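Right, one structure below, let's go through it.
Labels run A, B, C, D and E following the written order; every chain starts at residue 1.
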């Protein structure tokens, strides 16, 4: 493997402890809630925070290891970094911003500017070469930042929300370009993102960081199938419950029991897709084994569909059509009956 | 275009009063000039020698202050070390010292019998008093603190994230400093240099005490003005105006040019 | 006189600033009289010059405006050989043009708002104090502004707003239309002396002696008298 | 913690040399002090009066410079008007003028026969020369440009978007200036005030020429030092050290306090 | 109506000309490509750019009208603005940042801070009250900016990408909170966003701004049904073609003719959903009236599905399952047959 890091960083009250391996050519997406430590991780890998403990090794070369008193300065790490807030140099034009990296690595002025123009062109920014960053729109600035990081020909790519400010069209095309570039990119790459679509399109593996710790990792399919925290479940649009299994019975913390179709024992997670939760205005008959009466907490409208957040005893979301919402007369606080088939509850060990 | 509003009247009034306060005395000087003898006064060998020496010494002062003061300002702004505020205060004190006492202090340090001056003379035969180098030294002693303080203050307002971004792009510390930090503080760098230069140009007490008042060697323009004041006030005023005119030209033109040069 | 070879080169003369114009002029004629020789002057207040010499500044000759500063330097052992008095001076009162406040004696000075006097340590200041004390005139400190030397003391009247100044006659005679001079009778007046001497560390002893001799000689004395100094004896 | 790297050795060496250059003369002064007579020298009525007057005058100078200089700096930094660079240069010139000539210029403007001084005296009976107000005026004339230049430079580096954000939150221009702009340039404001204060504290030539040297009224510490220097070097050195000590205490303590006060 | 604006602003080479009406209580979402002029529009409404021509009227009060020489300063407009890059005051804590607005509008110190703490609490930021912005993560900073804008109790809300940096969980909840607040908000509101989901959830109407002009506006359903520019089509995930209709024949610019089921004449737009485009490895038989051979330009993977961008003669995207991609042996540049049913092409006047 090519990037091997065990990052322990302390920032005031915040502690980050993340172990991470990324192979050459592999792309790992880091996801997590705001303030989880994603940016801190990127900064530590780039050498902008020094480790309290652990190590960062790139291609077998130790970049940071406090126990061995090794610390390689950021400028010698060959990390291409895209910062969450771009950090473009206000006194340089877009072209000079992109040429800065190559120039710093000893490329001749003419070559560096040639390379910069090529990258700007690739990013669809040829027309802005002579502008200062204060003349750029948010999305343009982000693309310049991306071009600037890529133009150095880095050994390791660290992208902190590289597409957050892009418009939908640019996003798809930059995502695709980035994907192609990452395919061609020989080194390891870490992408921080909030968008599971980006993660799906770009990354081979996902790393979920919450509150300074890795709470889950694996391929998109693995993570989607078996979320282990509320954040991941929400990210994937799933309901996550935690409880104890006794055979095909699932007992939640508040004592409510659900019927499942999986034989299990001990502490488990249970996952229910919102569209598998049916809502009724009166007690339904029929096959579903789990039926209960509850109240509506919130309703989130999503175009022609709506997400209905249910209250106690089983706090989950149901996804129904907008028509159903009006037919059932749903509003916040309204009473409603919910049901889930036993076969639609997936159960796995906690 | 972003909206450009007119400044509030009260502010304009205060600003105008301030300009008037600073400008009226200069007008008074202009009114005193005897224009008929002006050319002769200014082109006398004493005057031209003094003006030339003033420019040379003050420019050297700026160069030395930049070369030595900027690193000190950087260390003061960026690194926490025990005694930092003491060092910062130390760097400020020469500004406070009455210049003549500053000159005495310099004599005690760098005169031929001074703490460092004696070994310097005994070992290397270097004598700073009564030399142009001594005049530069006196001006630097008095004026460099202005650069240090201004630049340090500016460095504190620079957002470190831009420097970090530059580092990840492969720029070493020197390159980061030159290509990111300096351009960012360019206005303050120019301002600090202007202050230093101006202070050096007007320096009198420390120079006359430490370096002496020797025509062509250490007699800078303020010293020549002092000598002229002893005899002929007209000449003194003419010389002062020459100093002002030169400063005006240099300050106005340098500013634009310098700001441009650093940014490109 | 010594041979011509030893009379070439440059000497530095540290001279009191009141000697600026007369010494500058003498320096030029000296150079004409001794081809190859130049005199560089270092004009400042006598005490500054004394400090410089004590701290080893490379002066060759010290011409002081007071015997006190010279005594200082002499006691410190920085003067080679003896010192000679080359000029003397006496005091006068300078008032605004036309003497609007009708000042005719030192005693009249109590009538004015502000009198300019040299700082007590400067030779002219010491002399003025002596003169005032001699004629039993007491000026409150709030009426006295102290000039750091004669010229700036004089300028407080000619340029500034002081009503009167006690300065040397040699300076009083230069005011022209910017002031009027009131003489002080000899009985109330004080005479100060200007000593000159060779600085011990000089490397151009012969030329330095030649300069001292030149100042004490007829050319020098004539020039000093023309500049309103009193003769040395 | 963000990485704190050690400064490069070369820079440390230069910075140390600079500090040494500025500090050794002060050490020289210290070595010259006659400690036995120090207390007596410092507590003489002349010394205490001069020290008090120096503090009063220099603090007034800072206050006046802030009140009048900051508005001018703001106008210069933020508004484009014809002749702006001329006005800026005008505001710089008093720094360049040899202080004695500055005093002469002030006399020509504000003396009893000056351009503005004559009407002031004839109509209001106000005489500035030989008054403490005159001393403050002389110090302000010489020192205020330092504040103007420093603050203007700092204002140019402020990102206008923060001021815009404050405006949309309902803050009027004055409030924006006080609550957003000033805190942002606080380091430069403090630096500029320190420069101005220091320059005023050491001011000699303009004060002695314009305001005179009257004990208890216009004899500030540098003037007292000068008077003493001519006679008793010990006293001069003692007074200078007192000045240094006071400056040191004020500079070190004020800085922290002031920065804190503006931010809160 | 409550906000009535006709905004003409010139920024160097860029020209913005947008007319806009927003009723009290109405939320208009402004969408558009990067550099389209969205931020410029917001700034002009807030009084941070002055108009070259046109006018801005809020509640019948003219705020800007160059022809009448009226210009109300930003601080008197009562606009709550969330800036794209937050613009938090670096020298103030989060709490002080939020209290700044109320304080500026004359609220007492204690009240202002009380209100600030309430808003921070609402935004889930209670713990950060005493922190300076440089201690906040990107998403936290954005939420503070939102709280700061809302705490002034504005007459007009202008939100420039208020949720771009939020994590998925926070996004849903902030979107919901914002939605509730906007429902309760009496005045008009303009939200700039890149996310059609945000627009759908928050806005009553959409305004698409491209290159300084409004290219389309209407409800989400209207805009989705009949996109008029490539940007909008891409945003909605649709293929947009332009051509001339002759009865049920559609002639594209390059001469290719497609069979449609709509009778039309003249210049038209045609829309095809990507999932209605079928792909084959050999010429298909059967009912589809439009069948052609082409090559694959790009493949964008989206989890279990993939978008296949096709080349000439009909440059559209097809959406197929990932399995289909491998079954058909698709790769970039590979030959492929495509077909679309005539009934799945929607045609409407250009």
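Here is the rule we go by: a contact is a pair of C-beta atoms (placed from the backbone, for glycine too) under 8 Å apart; a residue touches a chain by one contact, two chains touch by 3 or more.
All figures in this text were calculated on a predicted structure; none of them were measured in a lab.
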Lowest number of touching-chain links that must be crossed from chain D to chain E: 1
Highest-count interface - the chain pair sharing the most C-beta contacts: B-D
From chain A, the most remote chain by mean C-alpha position: C
Between chain B and chain A, distance of the C-alpha-averaged centres to the nearest whole Å: 55
Centre-to-centre distance between chain E and chain C (centres being mean Cα positions), rounded to whole Å: 87
Distance between the centres, which are taken as Cα means, of chain D and chain B, whole angstrom: 15
Chain A residues counted as touching two or more neighbouring chains: 47-48, 73, 85
Overlap residues in chain C, where contacts from two or more other chains coincide: 48, 51, 152, 155, 159
Multi-chain contact sites of chain D, meaning residues that touch two or more partners: 2, 5, 100, 104, 107, 164, 173, 184, 226, 229, 233
Contacting residues of chain A [partner chain E, same complex]: 12, 31-36, 38-39, 84-85, 135-140, 143, 161, 164-172, 175-176, 179, 194-197, 200-201, 220, 224, 230-231, 234-235, 298, 300-303
Interfacial residue positions of chain C with respect to chain B in the complex: 12, 14, 17-18, 20-21, 40-44, 48, 51-52, 54-59, 151-152, 155, 158-159, 174
Chain B to chain D touching residues, read off their complex: 2, 4-8, 11-12, 14-15, 17-19, 21-29, 31-32, 67-69, 71-72, 74-76, 78-80, 85-102, 104-110, 114-116, 140-141, 144-146, 148-150, 152-154, 156-157, 160, 173-174, 184-185, 187-188, 190-192, 194-195, 198-199, 201-202, 204-205, 221-222, 225-226, 229, 233, 236-237, 240, 243-244, 247-248, 251-252, 255-256
Parts of chain D lying in touch with chain E, wherever the complex brings them together: 161-162, 164-173, 175-176, 179-180, 183-184, 186, 263
Touch list for chain E against partner chain D, complex: 43, 46-48, 73-81, 83, 85, 87, 89-91, 100-101, 104-105, 148-149, 152
